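Labels run A, B, C and D following the written order; every chain starts at residue 1.
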Amino acid sequence: MKRSFASDNNAPVHADIMQAIINANNDDYVSYGDDPFTQKAKELFNHKFGAEVEVFFVCTGTGANVSALSHLIKPWQTIMAASTAHIHNDECGAPEKFTGSKLHTVPSLDGKLKISQLQPFLHSVGFEHHAQPGIISITQATELGMVYTCEEIEEIARFAKSNDMYLHLDGARIANALVSADKTLEEMITQTGVDVMSFGATKNGLLMGEAVVFLNPELARGFQYVRKQSMQLISKMRYVSAQFVAHFQDDLWLQTASHANKMARLLAEKIRHIPRVKLTMPVQTNAVFAAIPKEIIKPLQEKYYFYVWNPEIGEVRWMTHFNTTEEDINDFVKCVEELLD
Amino acid sequence: MKRSFASDNNAPVHADIMQAIINANNDDYVSYGDDPFTQKAKELFNHKFGAEVEVFFVCTGTGANVSALSHLIKPWQTIMAASTAHIHNDECGAPEKFTGSKLHTVPSLDGKLKISQLQPFLHSVGFEHHAQPGIISITQATELGMVYTCEEIEEIARFAKSNDMYLHLDGARIANALVSADKTLEEMITQTGVDVMSFGATKNGLLMGEAVVFLNPELARGFQYVRKQSMQLISKMRYVSAQFVAHFQDDLWLQTASHANKMARLLAEKIRHIPRVKLTMPVQTNAVFAAIPKEIIKPLQEKYYFYVWNPEIGEVRWMTHFNTTEEDINDFVKCVEELLD
Amino acid sequence: MKRSFASDNNAPVHADIMQAIINANNDDYVSYGDDPFTQKAKELFNHKFGAEVEVFFVCTGTGANVSALSHLIKPWQTIMAASTAHIHNDECGAPEKFTGSKLHTVPSLDGKLKISQLQPFLHSVGFEHHAQPGIISITQATELGMVYTCEEIEEIARFAKSNDMYLHLDGARIANALVSADKTLEEMITQTGVDVMSFGATKNGLLMGEAVVFLNPELARGFQYVRKQSMQLISKMRYVSAQFVAHFQDDLWLQTASHANKMARLLAEKIRHIPRVKLTMPVQTNAVFAAIPKEIIKPLQEKYYFYVWNPEIGEVRWMTHFNTTEEDINDFVKCVEELLD
Amino acid sequence: MKRSFASDNNAPVHADIMQAIINANNDDYVSYGDDPFTQKAKELFNHKFGAEVEVFFVCTGTGANVSALSHLIKPWQTIMAASTAHIHNDECGAPEKFTGSKLHTVPSLDGKLKISQLQPFLHSVGFEHHAQPGIISITQATELGMVYTCEEIEEIARFAKSNDMYLHLDGARIANALVSADKTLEEMITQTGVDVMSFGATKNGLLMGEAVVFLNPELARGFQYVRKQSMQLISKMRYVSAQFVAHFQDDLWLQTASHANKMARLLAEKIRHIPRVKLTMPVQTNAVFAAIPKEIIKPLQEKYYFYVWNPEIGEVRWMTHFNTTEEDINDFVKCVEELLD
């Protein structure tokens, strides 16, 4: 089989997660979430966040982002994000379609946005011709594999609150960020002032596991209707909830993320010594960005799945996942070396 | 465990389907559908429809309906449906939100709509103040468990075409309809002139299995973007596709639907003889509608899951599924008898 | 020239209104409403409503209805209205498009809705599959020319409030209703508990004069952005505001409406005595509905503009306006008589 | 009275236009455009464009832009525009709300976009995660007062067509651009390959005069419903149409625009010689952009209306209009000189 460095969602389902699905398949249960698996999963979320949060399971990462944003924004407000944001680049315009709102993006090389970039939007406040600042959306870890520090998140959250905006965090790879920063969910999310997050676990070994988490339950009021109206309400929800239970069990989620990150560091470590290969981004989570000679891209893609990030400079993205092995890394590096030989 | 007559989506996943999921969990595969399982599933769809169709897997039944409708309609057109339609009653306004279109409904007792009810809408054609007829949407089997004959579908399709409308069919329970009418997909859908259908399999033993099928591939152009923008693109799609492969294998889907229908007939057969219980709808698929003394509803719900359909007349809905057993039926009927004793 | 009984918006602009436009054309003024004409018009609105209201001028009646509804509703809520409502029949689906919400209509013969018809919607409350009751919208005078009593409005307002809904009133012909009921704006709107109204004056002698009026200024917060985003912000607003000033001056608006109503009563009086002509609706404002022999419809339309309301029974609508004269009525009646001769 | 250099929509209505409104006020006419004034105005549009075009009058410039874009785009496509575009900055998010589409902007200093900036978007074509290029929108004259040459428009049109996109032109100040370039509508629009334009006349002496013009009538099919659904259908349309008739009569529109441009050149001529005042943009139409000492902005605004464009560098925008006089310019320049003294 051809191994994939294309995305962490090319990975299979972790064995423990699969077992949890099988175990849930024992009888009739009420659909749409009124079942004991969902109840248990929600309790674990509260526990991990160290707070009473409101959790809603949804179908897709895009669904999590868009339904969350839609719930907290008015159409005449804007969503502010880095130019690299998944909501801007990789959701086929779903945020605009469903929220009706404008996305205002600011340029970013590492996927982080800075408050200094958001300040100019405040000039629009109160002027009826301009869409009004509504939500700041950040991605953790960023689409470039970088991790905001807790202090950075806290600063953005303060800026948001003091300007009547909400802070949304797209946590498609939240576990990778947590283990990279050596922080807990409580420290990184609950205590920094995030209002709502998209909690992604599909990329971390689940078959399908995405959730919207409101840190302030008051803000969640009515969200059950938004979830349904955004076509994200799963009928046999127990099979998703059971995965989340297993995901949090014995900190499986942190182990899988930690392993993925470790494999990326290993790859970076080995690949950076190859002449003509240049890392283009620090490796903080499970993504390795590198510029390689353009002529080896195609032959390398015949052996391994991965994406070209910036064709002009021969920049590629290699992602590791919970199931990537040291052997995979070694084989891959060897393959690059041979192609460059 | 408490058995459910509430909905066929309270059922577990069929063992063969679960095995297919497990079997798919063997290695890395490209996400979003570019995998051999999806390829195989699509071929089976073509085979079952007896035609080159375009198939797109989506997350939810509501997602299937709404994305399909959205693709074929303009916001200033209307969707015409029976007043009982799932798209009207049970999708929390998702069709209006995502299509921007008006839903025009006509009264229906059995869930079917009749051409004579649609004729008046033609008066609006060409008058700019009125939303224009765009799509006719029918449900097969209907929300009341009734089955359109192929001739009825054909007649509606002809009416649609001759008035520049499309015909959408919500097939959340298409298998139950097919075995009830003893027809093939080719006969009931391909040959009648349906333009697009929502193909549901979740209620027929899958963990999650919904698809949008375009009978005319031309009409499908660009739908991949609609699917993504409607937040319905599943990342680890192989796990859905693999289910569909098993679903069609050895006509499993027809066996499961046939069993569910048979259990409903059995229930109807036994329950109709109980004094003070009155069937309110013929039993053509896997739903039994009955009016029962109001005072036994609550005690019966303590023993079994099911929904009250019309509280004013004590009408309830009992649904059977692939996993309902004769013993379940016997126990249930006995329970009703005891409560009425 | 061919006289029109088709609609009160076929009338010209009242001379006093035109003079006000001319008078406003004297110099540079800041656009978008920051001008003395708009200031003065707003004061007059406060005065007429006997309360501090928030007034926003918009372009069209549809624009007034849709922007007002959109401001107070969430997409997963429904707008409840009579089946005859302009927002349902005559706005080409604009409410659904812009609000994203479902319109739930109840059958009505005279254009009024009754609380007993709204009660069933309360069953949906709290059930996530169903769109949730959000706004009740009534039209005063109704599309059938009938007038709600203040008590009826008050009762609906109470029902709305006690069920967490808002009450919107489409006042495209509010002046006709007021003079018919012999009530003031304060009595009919401010004191009954309406939350927001569309205040129409175009049909009452203005070139263009539509406004959204929030009875509770708190509810208006942010509406300036909704107005702009709904494409309803008029640049040279002084020319609209100046019309409203003239409209309220010396109660011109009540005189014009009173005259229009009187002409309709006169027409009804005279026409009801013609054999084979049958009034189909009481005449309370400036619309006369009558069933006439189908064979005279076409020849009559060659002489006068008017619309067929229900072709099956030969029902037509004749509307009078501020500029309709007694002579017009006499000529029209004579024409009908001759055609029936 | 305080004279305005804030915007050309602060101007009054031209006397000839006002007279046309008065002349139209003579009798009953069918509303919504089925009147002889509208007929005549449409003929004049055909004549001026030198082609059979389809013209639809609408209420506002934003309404023209948004309804036109909405008609030609699918929600999963993007609108590409310069970062300075009115549709991006000054319409409170109306394009996103109504089209559901993403706006992709490219940086621009003079308001023009270049094909080289659009090329990168083609990388997205066919990739379902990315919104697809749909419409290119340019403004003529640009928001910075600059004028595309016919060759530049033609080149963009060719690029659009060869990549399956449409070209929309926001002509809020089209007359100013035409007289500046000394071209006819036929040369600048019809022959260059524009698909649809927003034709603005309100800023050029009308009370209210905005239109959507489709160069290819085929593309206009169904637009009457879009206009109505976007709340842009004017009931007493004759009063708008009559203005357009007068606007084209004896080339009034070119005279008024020519005068406005001349006044801007005069202002630029005189002001550029004042020390510490620096023109920041060439003057091609009726806008003058200048950087002035920040301390005189406020005192100058007490005497004249105008907007600050870039507060950081003290850049202001001064606009002239059909009614600006040489005396206005002289007084204004003198005022600046005195403040700087």
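Going forward, contacts are C-beta pairs under 8 Å (C-beta built on N, C-alpha and C of every residue); 3 or more make two chains touch, one makes a residue touch a chain.
Predicted model only: the values in this text are computed from it and were never measured.
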Pair joined by the larger number of C-beta contacts - C-D, A-C: C-D
Residue numbers at the subunit A-subunit B contact, same meaning over half shared and different meaning under half, come out as same
Interchain centroid distance [CA atoms averaged], subunit A/subunit C, Å: 50
Subunit C and subunit D have mean C-alpha positions lying a whole-number Å distance apart equal to 33
So subunit B residues touching two or more other chains come to 75-77, 91-93, 97, 100, 128-129, 131, 225, 228-229, 233
Going by the contact rule at the top, pick out the subunit C residues touching subunit A in the complex. 32, 74-77, 100, 128-129, 131-132, 222, 224-229, 233
Touching residues on subunit C, where the partner in the complex is subunit D: 1-4, 6-7, 9-13, 18, 21-22, 25-31, 59-63, 66-67, 91-94, 97-98, 202-203, 207-208, 225, 228-236, 239, 305, 323
Note which residues of subunit B are touching subunit C in the complex, please. 75-78, 89-93, 96-97, 100-103, 123, 128-131, 311
